[in-house]
Amino acid sequence: MKFVIQVNEGPYQHQTADSAYQFTRAALVRGHEVLRVFFYHDGVNNGTRLASPPQDDRNVAKRWSALATEHDIDLVVCVAAAQRRGILDESEMKRLGKDAHNLAPGFRISGLGQLIEGVVFSDRLVVFGD
Amino acid sequence: MKFVIQVNEGPYQHQTADSAYQFTRAALVRGHEVLRVFFYHDGVNNGTRLASPPQDDRNVAKRWSALATEHDIDLVVCVAAAQRRGILDESEMKRLGKDAHNLAPGFRISGLGQLIEGVVFSDRLVVFGD
Amino acid sequence: MIKKCLYLNRRAPYGTSYALEAIDTVLIGSAFDQDISLLFIDDGVFQLKRDQDTTDVEMKNFSPAYSAFEMYDVEKLYVSKEAMAARGLKKRDLIVDVEVLSDSAISDLMDEHDVIFSF
Amino acid sequence: MIKKCLYLNRRAPYGTSYALEAIDTVLIGSAFDQDISLLFIDDGVFQLKRDQDTTDVEMKNFSPAYSAFEMYDVEKLYVSKEAMAARGLKKRDLIVDVEVLSDSAISDLMDEHDVIFSF
Amino acid sequence: MSILHTVNKSPFEKNNLESCLRYAKLGSAVLLIEDGIYAALKDTRFEKEVATAMKDVSFYCLEPDLKARGFSAAKIIDGIKMVDYAGFVDLTIKYDKVQAWL
Amino acid sequence: MSILHTVNKSPFEKNNLESCLRYAKLGSAVLLIEDGIYAALKDTRFEKEVATAMKDVSFYCLEPDLKARGFSAAKIIDGIKMVDYAGFVDLTIKYDKVQAWL
């Protein structure tokens, strides 16, 4: 089975960002394909490498990055939502004339078309949000 | 009257970040003192200078920065919430061993004590959240 | 490949940005030649209220977009009869022409779609 | 200056981080020698449920903190009788000793405090 | 001490207004803002509950939020007073403290 | 086509479960996750409503979320089945599509 996972909330404030991660990992362990994880709305805040949670707490961005490395999955941050919220990579930084970037490894920035295309070519869309 | 304003949500997803701004501005126009605006929970996401909303939309972080300059108000981002969410200034960047910082002008990072102290020395706490 | 996509709107406008984002997603979806329907239930019916004026809240009024859907061949808009009644709304209060459905017709509508986008 | 501070908890634990943040704020507040009370109404009463085990969700179990409040002289914990009843909770289900209040006693409690911190 | 209660959620979606009214006492006030303004409308499922509560408690509605959502004062339950942001500030001073039902 | 409905909000706080049950048809299923698990408990104000819905619709509860909140299978309405995250994945495949009531 091919999955697309949509994540609508940032880390820590809502458990839904955790649920999305747990579901994605379980699907991969089960041998399914995760075609794409699409970070939408405040979900784009999962993709910052600048987070430093306490030592005894989970590091949500790092956990996603590790999953992407291990299973070669596509972590896409919605560009319009990311621009509004200040999540950007080096090329977005240059394009927008900003002086820093913060996207975590394993994530990429792209448009809503990636969500639609993912849904068209997958078997299931599973949405996690508030 | 002396006010402390607490903001619990980031910009764009929830109107409450807008309401907090409109209230703060109205209080200042009315001649009141805003002792402090305390950004807590996802509210810390109001304080990134990397946001680039569409031209026809409001720029929430810039709007706060302008208000701070104009009225010399104290915009405090909760340090623990900010660390979890990747909002940091240059000194936090160095201390945490990160490679970039994103705090907007006019904001500073400090502890929850600033909220309590503000409440002790003000007349009203007004909370905006989800 | 064409899928039957249902965009499900359950939230009031402005309090959260879901309504605005749903419009963006629908317009992108239309470019992919998908079979698109929009359903408004619960507080989602408030999205279609006429006369929205966001001047004083200094936010963008996105409600004209609903009238532009037709140009993008997005023509199937459904609202819940029960949701309208509970909120004192009549069809003439809405900014666009919609089909009013009973809750059981809505159940059937959800059933017959391939995928549901929740906003 | 000492103010009577009421920390109002209305949310379930873990679904959102408000319960965890409320604990942090209370502990900081206690360092400022304020007169602190904690009130749990609506789903907030679930924060005090015994036997929380977060192993499988990989989140931090913060419920032991409620038992540590006494060391910080945070001793006034109140819960809503009606909220407990609606949720099938008994006093023995809770991790700490609390005072159970009727809704009208809770109204009075809100009234007599100088400031309310909402979580 | 009197309380200004703020409610920013739709009563159709969340229990905030219901909880607020359970605890709001004689002499206190409720200010409806953001999606909370839907509780101020005539002809809804909540009109009766709000009208009953108004016997003890003053009700206000933030007009900028009402207008944004396509409604005007004419659609509001009789006796609910309109305020703008400046009026919101004044209310937080008129009452001794603010309780935000989030 | 059959639907797996997911509900992640407490029924005491939000209307998600109520809306879900209004539209969930015979042969579909409801999976309670996060704060949604409170709807699975015995002896609450919602027990009767859930028990009635169970005549037409299968109910599942995510056990990691139940345990996190201090409850065990013994406190759950009879007939609601427990799943872990792997079981959650299996359910999304067993049913033709997933509708998230957010």
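All chains are identified by letter, namely A, B, C, D, E and F, in their written order; residue positions are counted from 1 within each chain.
Here is the rule we go by: a contact is a pair of C-beta atoms (placed from the backbone, for glycine too) under 8 Å apart; a residue touches a chain by one contact, two chains touch by 3 or more.
Since we're looking at a predicted model, the values are computed, not measured.
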| item | value |
| --- | --- |
| Touch-network distance, subunit B to subunit F, counted in steps | 2 |
| Each chain counted as touching subunit B and subunit C at once | A, E |
| Most distant chain from subunit C, judged by the mean position of its C-alpha atoms | D |
| Chain whose mean Cα position lies farthest from subunit F | B |
| Pair joined by the larger number of C-beta contacts - D-F, B-D | D-F |
| Euclidean distance of C-alpha centroids - subunit C vs subunit D, Å | 40 |
| Distance between chain centroids, defined by C-alpha means - subunit B, subunit E (Å) | 26 |
| Centre distance in Å when subunit D and subunit E are each reduced to the mean of their C-alpha atoms | 26 |
| Sequence positions of subunit B contacting 2 or more other chains | 12-13, 15, 22, 41, 57, 80-81, 125, 127, 129 |
| Sequence positions of subunit D contacting 2 or more other chains | 14-17, 42, 57, 59, 115-116, 118 |
| Numbers and ranges of subunit F residues touching at least 2 other chains | 8, 12-13, 15, 34-35, 64-65, 84, 97-98, 100, 102 |
| Interchain contacts, given as pairs of chains that touch | A-B, A-C, A-D, A-F, B-C, B-D, B-E, C-E, C-F, D-E, D-F, E-F |
| Subunit A residues within the subunit F interface of the complex | 1, 3, 8, 15-16, 19, 22-23, 25-27, 29-30, 32, 123-130 |
| In the complex, subunit E residues that touch subunit F | 12-15 |
| Contacting residues of subunit C [partner subunit E, same complex] | 11-16, 42-43, 46, 49-57, 59, 61, 63, 86-88, 93 |
| Subunit C contact footprint on subunit F (complex, rising order) | 1, 3, 15, 19, 22-25, 97-102 |
| Residue ranges of subunit C touching subunit A (in the complex, touch as defined) | 1, 3, 5, 17-18, 21, 24-25, 28-29, 31-32, 34, 115-118 |
